[in-house]
Amino acid sequence: MKQKIGFMGLGVMGSPMAANILRAGYPVTVYNRSPQKGEELVKLGAKRASSPKLLVEEADVTIAMVTGPDALAELLWGPDGAAQAFDAHKVFINMSTVPPRFTGELRDKLLPTGVTFIDAPVSGSKKPAEDATLVILAGGRKEDVDTCKPLLETMGKKVVFCGEVGQGSMMKLAINLLLGVMMEGLCEVVNFGKSAGLTLDAMFEVVSNGPLNAALYQMKAASLRENDFPVNFPLKHMAKDLKFLVDTAYDLGAPVPVGQMLLHLYRIGVAQDWGDLDFAAIMKVLNHLNPKM
Amino acid sequence: MKQKIGFMGLGVMGSPMAANILRAGYPVTVYNRSPQKGEELVKLGAKRASSPKLLVEEADVTIAMVTGPDALAELLWGPDGAAQAFDAHKVFINMSTVPPRFTGELRDKLLPTGVTFIDAPVSGSKKPAEDATLVILAGGRKEDVDTCKPLLETMGKKVVFCGEVGQGSMMKLAINLLLGVMMEGLCEVVNFGKSAGLTLDAMFEVVSNGPLNAALYQMKAASLRENDFPVNFPLKHMAKDLKFLVDTAYDLGAPVPVGQMLLHLYRIGVAQDWGDLDFAAIMKVLNHLNPKM
Amino acid sequence: MKQKIGFMGLGVMGSPMAANILRAGYPVTVYNRSPQKGEELVKLGAKRASSPKLLVEEADVTIAMVTGPDALAELLWGPDGAAQAFDAHKVFINMSTVPPRFTGELRDKLLPTGVTFIDAPVSGSKKPAEDATLVILAGGRKEDVDTCKPLLETMGKKVVFCGEVGQGSMMKLAINLLLGVMMEGLCEVVNFGKSAGLTLDAMFEVVSNGPLNAALYQMKAASLRENDFPVNFPLKHMAKDLKFLVDTAYDLGAPVPVGQMLLHLYRIGVAQDWGDLDFAAIMKVLNHLNPKM
Amino acid sequence: MKQKIGFMGLGVMGSPMAANILRAGYPVTVYNRSPQKGEELVKLGAKRASSPKLLVEEADVTIAMVTGPDALAELLWGPDGAAQAFDAHKVFINMSTVPPRFTGELRDKLLPTGVTFIDAPVSGSKKPAEDATLVILAGGRKEDVDTCKPLLETMGKKVVFCGEVGQGSMMKLAINLLLGVMMEGLCEVVNFGKSAGLTLDAMFEVVSNGPLNAALYQMKAASLRENDFPVNFPLKHMAKDLKFLVDTAYDLGAPVPVGQMLLHLYRIGVAQDWGDLDFAAIMKVLNHLNPKM
């Protein structure tokens, strides 16, 4: 018999994720702070809980997908908070993106409740959430992650076991470095190429047809062509993530010379008030250093 | 009626490229400094010329694909050199990789002969040369490139017009920056991730299933896994290309902060005597800075 | 009539500083955790207190000069701690080096006691402490610093008013960046010059006779000549200070591109286990990147 | 008996240098392309030559102090050029600043004449030239430099033997790196400090009274205070020298991570059209990256 699922956080990501669990035949109870959300899930068969605590009482496995540490803390330890109902028979999976350090603190605070805790941020945004093609970065005890794998696979195309609790967040941090490197790298090449008289179209034609091509580049082509950066992942969040990565690397003694340089450049972008643009607007920082463009 | 083709340089790249032209039905005459090469092409129907000059006399379009500026200069201006037979009715396409500056000098030296000159280095190595899936970076007059396009397309899947003569070489330089950025970026992430307790396999699983995936990463996975770097593109050549790129960017005023950092790192690799390993051995440089690894 | 002084912390720096206050005619009471220290001060006329609290009760102005935040917290809030006896008629001057953030926390925790708080780290080490030639970096209310100036001048040749409480520590941080830049800069030049065939002696002769000369360079000449780095200011402390500076600069939005590069280099030094050598051992990091040396 | 001196180049540096040789009692013949210069030297007892060739014929030792490679080449190999009269009994000392590579070419081209060649650029500008307090960076055979030492000492306070011909230019390059590091370092600290609420005056007070103090900093204080950068050594020349240094370091395999970063920053300064300001205007580059300032 399938586990009973409690799902907290019905935003842009959470709603389609919960819907995919429902479609896979799990019984789902949902909770959202503002109750107007979730109507569609109810139509799909979800029950509603009137507090996080009541949601946990109904569920074998509770999933949280909210905007960050503060929202998560509120759900767990606020009035009628989820943590009050956690016990050794229950599982809690945090899929919200939070710093590795916060995940460590979470683990320590949840320990006395006896709840099984899994750390499972996702790689991918709205579209993959809808299409159930997220990549799920899971940290926890191997056997716990294995048990939850069928459930997690209803939301994503891939569940990657990353190590103990906290390593899911750590993986997300590492991958975001590659995201920053590739984005800035493309912009540095395009800015150089334009200075040298190459066209953006010709450069994209070469990249698109060779071994360097990546879906990321295709997603950002229009932004670079039109010098317009509607936000998908805000530049200021990339700066924040790089800061956290550089700090973590410092503690570990791992050299991140390019990561440091990116941090310098993204921080300039924030200082220029471009923090709310998409992180592809790192192009504007390079242009700012190159007034001929 | 198809143009008569002269092909100089029958090495790892040149031989399969000439074979693909033959298979497309063009009459081809070949020349190679050491005559033992080219037997297979003769079996496919190629004629042989006994000097570059005689080859050009036989051909409407002469193509060169040799190892660099010195070999090319020898073919053009050595004894019985090709340049002696160039005239205003003939076309010369240099597909060898040479610096943009050398291409500019070439153009100036060829001008008095009246030959139509096209600069067309390729992106891709042995396998794409055999499969006719190279990407060809063509610089020259638009109408000249268009005229040669059917010929060039026998060797590649894509002919990208890059601008006037020299811009083919410039494009190759720009793309090599992206190559360096992505390779070092992957290594920086992997080195960081391993320091943080993530496994290489887990990291590759995440990259492979998301928008950052690129064929390059799959090609280098085994090298990183086994810490063994059989050469495909030597690290010392990447250092040399980055040096040339940084110099060109300096002249243009285009900021390449990450390019400069890469140059610093690849130069350390050369100083450590890793120049003849594959350029993916930039991983060893990061490890060298991080003795815990 | 002169203020009564309480002095806590009789180490390498504190002892000569307290002696200079005594010699200037101030009545001084001293306290040190391990009571065997301070004999010479008693001979010079100092009284002893048996606890920080009793010391503060005896004094108008209490000075602390200890090794860092932990030792200071112990003196203030440990058993019979100094903070118990602080009130609105008393002054507390912290001359120990602590991070600006710690100074801010200190100010907040001391506020309820009513004590006047001055933040006054010093620039200079053992010899200037003995010779009363320290430079004292004072943060606090201007009138409070002015009142204490005659007292502070018994220990140093210069009292620099840096702004409100915390700005003394901030100044120390900023100056340490210049210290790091000049030290690494000298090493980078010497390493380059030696690679280029110049001798260390010739380089020092040029630097010593021109506008770039600084006492720092003369102090470090023997270390560079002998490749031996007896510790004065440990490399790991420079790494820590640079980390703090880069973090502070990030928060402020001030670009510190060279500071970031230094942090990268000093961190490599720590990873290579050179953290307990003098910070001039950054030379070893450059040599490590340049195996020909 | 004193050597007979020929002096070519009577500009801002050359005139006072020639005057100091005259005052020391040497017989001096002068030549300058525009003959209106040199009146004062004639009053002091100098003879005039009407061509470089005639000047060399009159002299045992010929000194050149001109603005760069082009002016020097004109004097040596232009019409009635100096090189025509060089022979094995004569000495030629080039005190003009030229790249090490140019000095190497000069040596090769002068070799057939048999002239003894010394490479002796100076550290110091107008004032030290007048006061005979230049530092002279001499490259050549040790015995040749020793023979000319009394002559060189009439112009400077110090003659530093740097090695064979070319090493004088190399020393100048190395020292200019330290000059760039110290200037940018000061600006980075001041920019950071101001962002953190410290005043320029307080920062200078601390620097001036400690082991980091250097005459350079005092010379640039007014510029930083008034944000006005009257040219002494143009920013674009610093960029050019750093470019040459980074290139030389690349060839040698000497890591210059901070030098590379400086090159990036100074090149931004040139791109922003600040190249004709003093090199202390690197402050403007940092401010440009930090729009709050």
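All chains are identified by letter, namely A, B, C and D, in their written order; residue positions are counted from 1 within each chain.
The rule is simple: contacts are C-beta pairs under 8 Å (C-beta built on N, C-alpha and C of every residue); 3 or more make two chains touch, one makes a residue touch a chain.
In this text the structure is predicted, and so the values were computed from the model without any measurement.
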Tell me which chains count as touching both chain A and chain B. C, D
Decide which interface, B-C or A-C, involves more C-beta pairs in contact, and give its chain pair. A-C
Tell me, please, which chain's centre (mean of its C-alpha atoms) is farthest from the centre of chain B? C
How far is the middle of chain B from the middle of chain C, if each middle is the mean of its Cα atoms, in Å? 56
At what distance in angstrom does the C-alpha mean of chain C lie from that of chain A? 43
Which chain D residues reach two or more other chains? 253, 255, 257, 261, 264, 268, 271, 289-290, 292
Contact residues on chain A for chain B in the complex? 123-124, 135, 137, 157-158, 160-163, 167, 170-171, 174-175, 177-179, 181-182, 184-186, 188-189, 191-193, 195-199, 202-203, 205-207, 209-216, 219, 245, 248-249, 252-259, 261-262, 264-265, 286, 289-290, 292
In their complex, what parts of chain C are in touch with chain A? 243, 247, 250, 253, 255, 257, 260-261, 263-264, 267-268, 270-271
Which part of chain A faces chain D closely enough to touch in the complex? 268, 271-273, 288-292
